[in-house]
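One chain, subunit A, links the two complexes that follow: it is found with subunit B in the first and with subunit C in the second.
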Partner chain A sequence: MLYLELFIQGIVQGSIYGLIALGLTLVYGLLRILHVAHAALFTLGGYIGVIVTNFTGSFALAMFVAMIVVGVIGMAVYKFAYEPILHRPPYIALIASIALFIASEEIYRIVFGPFGLSYINPPLQGQIEIFSGFRLKHGEILVMVIAVVMLSALAWLSANTRTGVAWRATVTDPEMAAAFGIKIQNVRYLNFFIASALAAVAGVLVALLNNLVEPTMGSVPSYKALAIIVLGGLGSIRGTLVAALALGVIEAYGTIYLGKILDRDALAFAFLIIVLMVRPQGLLGEK
Partner chain B sequence: MAYEITLATTMAISVLFALSLNFISGFCGQISLGHAAFLGTGAYASATLTKASVPFLLTLPASAVIAGFFGFLIGLASLRVRHDFLAITTMGVGFLFVGVVRKQDFLGGELGMAGIPSPDMSREMFMVFCIFLAAVFAVFSLYIRRSWMGFVFDSIADNEDVTRILGIDASRFKLAAFVIGTAGAGIAGALYAHHFRYIGPDSFGFVQSVSVLAMVIVGGIGSVWGVAFAAAILSVLPLLVQFVDDYKLLLYSALLFAMMRFAPDGIAGIVRRSAARFRRATP
Partner chain C sequence: MMLEVRGLGAGYGDIVAVRDFSFSVEAGKVLALLGANGAGKSSTLMALMGIVQQKAGEILLDGSDISMLAADQRIKLGMAIVPEGRRIFPDLTVQENLVVGGHVSEAATLAAGTAQAYEYFPRLKERTGQKAGSLSGGEQQMLALGRALVSAPRLLLVDELSLGLMPRIIDECYEVLAKLRSEGLAIVLVEQNTEHALAVADEVSVLEAGNSVWFGTAKEAAKDSAITAAYLGTA
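What follows is the complex of A and B.
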């Protein structure tokens, strides 16, 4: 039974990784930027979730507010941080993004205090018995449900709406898309809005599972999500999801069986390096 | 005086470390986000040796060889990946290093190694020695830059595919850059260990790797003087701005962001541009 338990815990963790990494993939697919500061938006989502829940008592409202606010801030990050340096070599944007991330962590520490915040009445703490002796919190089930719903909605939208088609056209060939009258600028804003909103959802959910948001909450996801999108083949949405779930499961088993020689966070990169040596284009990457 | 000596020694070690990354990322254009792992390799190797009562000076070549050997392995692996994949792979190497060191009892595990013997020289002498090594590495960098090898590095940084079409074995030169750069970091690590006389896994993590890359980029990627200058300033800036202690990291990251946003070619670029303007204004 331990195997199954670990597997399910791995899927829960993997769903969260998926929500975070998907936003990164969206940004990378469109602009070829490794958007480290994405994890800062994830932390911000967590803070907004906790604060709004504590003020109003409504978790659903908190989730909604977090998505909107963080989505808009994500658009502002694109406008003021990335747009002016898009024509520079890619490492410039990478370093700028890392600097932005460190600065945000410091700002959270100064504004919200170094010790973090918790829910006064943490919602969704009830448990369901899946099989004898193994229980899942409602929150953990919610994580999986939200991940599935969000990601399928996104897949459906990108396949079946005009906006979705415009987005895919811009990813494939921006110049051609512009020639067909697509406003590239709007596609980029939308892209950042969706990516950041997904990060906010993940932030609210992680804050719920740990019942804690700290200024440094984003530091592990910041680089682990990078590992995931590289594993997934940089820019491939399907690959990212597979990699996120696989990593969640591998970490769940690895912490138990490899804990003596390698710590949990290094595991992701051991996996990454092994995969890249065999398949330099990532798990599901093309070419 | 003691404080100034410590500052100058710290500066010299940072300059050496930044120049070693400049070989890989500056000359050869291979962005590495895990260079601190090689500083760490050198530091741990040298500390383990001096604790086994090997003379300090002998541990320097040993750390260079060990770090360079690991650099060779990582370089071999890195040949398979390019650009963004390379940046993330090297970042992975950095995390792997810290993750492995944390779990090794003979390297002190989480707690790190304390009580590393002091080098067999006075503090003044050690400072001079560090500055000397940094200067030697700077001259060596300038020499390589003007050599045939430097031209090939430049060409790889500019466009690797064209370099290959010209019939140059780009892989071999990339490997050479990795080995020289990581060996230099190994020497810097040996100095680091005997300067602070305490090392732990967190001294060589992602933050260190990012800050050394920041030194290279703020200085002006590839420029020996720019990088040396930026490394000297940025290494002691956090110590000099103690009065804003609580906002130190915020200031540092804001500076870095502003630099990327407004002057991505670094200090060397600013100097070059203002020199050009000056020349245009005078005739």
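What follows is the complex of A and C.
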């Protein structure tokens, strides 16, 4: 049963990775920017989640507030950090993004303190016995449910609404999309809002599972999410999700079986190197 | 006059693709823009849509200057483009491509426009749920035409309709153009295939290196051996 337990734990972790990395893929798909600062928005989501929950006692409200606030801040990041340099080569935006990420960690340290915050009464700590001897916290189940609900909702919207179709058209050919009256600017704002709101959800959930948010919470996810989107084949949404879940599961097994040789956080890159040797275009990427 | 262009200058960034270009087209007429590759024909069409930057001149639609309007406003006023290289959205289905064509339209116009596009090109109807990238070249051209028709335009800008297509498909597309003209659409047609262009056009403007060098009726163009030899590639 250990195999199954590890697998489920891996899926929980992979769901978190998926929520974070999907935002990166959305931004890369539309603007070809590696949005490292995305992980800073993930951390901010965690802070807002803890603070609002402690203040109001409602975890659901905290989740909602985190999505809206972080979503709007994500739009501001696009407007003020990326838009002015869009016509420059992509590495300029990458450097700006890294700077923004480092600055955010310091800002969190100054504003929220260096030692991190925890839930006063951590919600969803109850456990359910999945099968004999294996229990999952409500919070862990919530992670999987939220990931499935959010991603299905997004998939449905992108296929079945005019806005969704316009967004996909813009990803493929922005100039042609504009020639049919699609407001590229609005698509970009929407894109950043959704990407950032997803990161916020992940931040709130990670804060819940660890019962801790600290300024550096985003550092490991920042580079791991980059590895995931490369693994998935840059820009491929399905590839990103497959890579995220695969990495979650591999880490879960790896920590048990390879823990003495390789650090958990190094596994992502070992996996990345192996996959890229065999499939340079990523797991589901096109050549 | 439906469309009147006066002294148009346009280009990408610092590059000037069109200089001081004037022409006009009225409802139910076809104006053909002819000239070699790189003469500025495609840039002219994209500038009319508001996609390529307009640097000088006026674009008058029904007498009022639309130079400052964004593409969505121009579409609402009745313009639509069939771009060079078709540029359908390959990852989207046929139906979704048509939905993009009617992006600025009301839901009712979108529904009617989509039905209209399928009526013109029954073959698209059979492929409605298929990825546009998997269509044949001819079907993609039909989709590009259909996509432009969804918003029920009065002025259609058509770029290289015949490029890389089988003669039978070209004829089919030109039949639709002729039908559209008879319904009162104004059409600006960019075309390398002189024979087809002259057959459908009422008037012809010849562009060379960003400048207009000849203007006249299609009949005059066909007769003028200097024009045909120098710019139209037929002796």
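To be clear about the criterion, the second predicted complex is superposed on the first by the 287 of 287 C-alpha atoms of A that agree within 3 Å, B and C clash if a C-alpha of one lies under 4 Å from a C-alpha of the other, contacts with A are read in each partner's own complex, and residues count from 1 in each chain.
Here is the rule we use: contacts are C-beta pairs under 8 Å (C-beta built on N, C-alpha and C of every residue); 3 or more make two chains touch, one makes a residue touch a chain.
As the structure is a prediction and not an experimental result, all values here were calculated from the model.
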item: First, second, both or neither for A:175, with subunit B first and subunit C second; value: second
item: First (subunit B), second (subunit C), both or neither touched by A:166; value: second
item: First, second, both or neither for A:273, with subunit B first and subunit C second; value: first
item: Partner touching more residues of subunit A, whether subunit B or subunit C; value: B
item: Touching partner for A:183 - first (subunit B), second (subunit C), both, neither; value: second
item: Parts of subunit C lying in touch with subunit A, wherever the complex brings them together; value: 46, 49, 51, 70-72, 74-76, 80-81, 83, 87, 89-92, 96-97, 99-101, 103-104, 147, 151
item: Partner subunit A, residues of subunit B touching it in the complex; value: 31, 77, 80-81, 83-85, 87-89, 91-93, 95-96, 98-100, 102-103, 206, 210, 213-214, 217, 246-247, 249-250, 252-254, 256-257, 260-261, 264
item: Interfacial residue positions of subunit A with respect to subunit B in the complex; value: 28, 32, 34, 81, 84-85, 88, 90-96, 98-100, 102-103, 106-107, 110, 223, 226-227, 230, 234, 260-263, 265-270, 272-273, 276-277, 280
item: Touch list for subunit A against partner subunit C, complex; value: 162, 165-166, 168-169, 171-173, 175-183
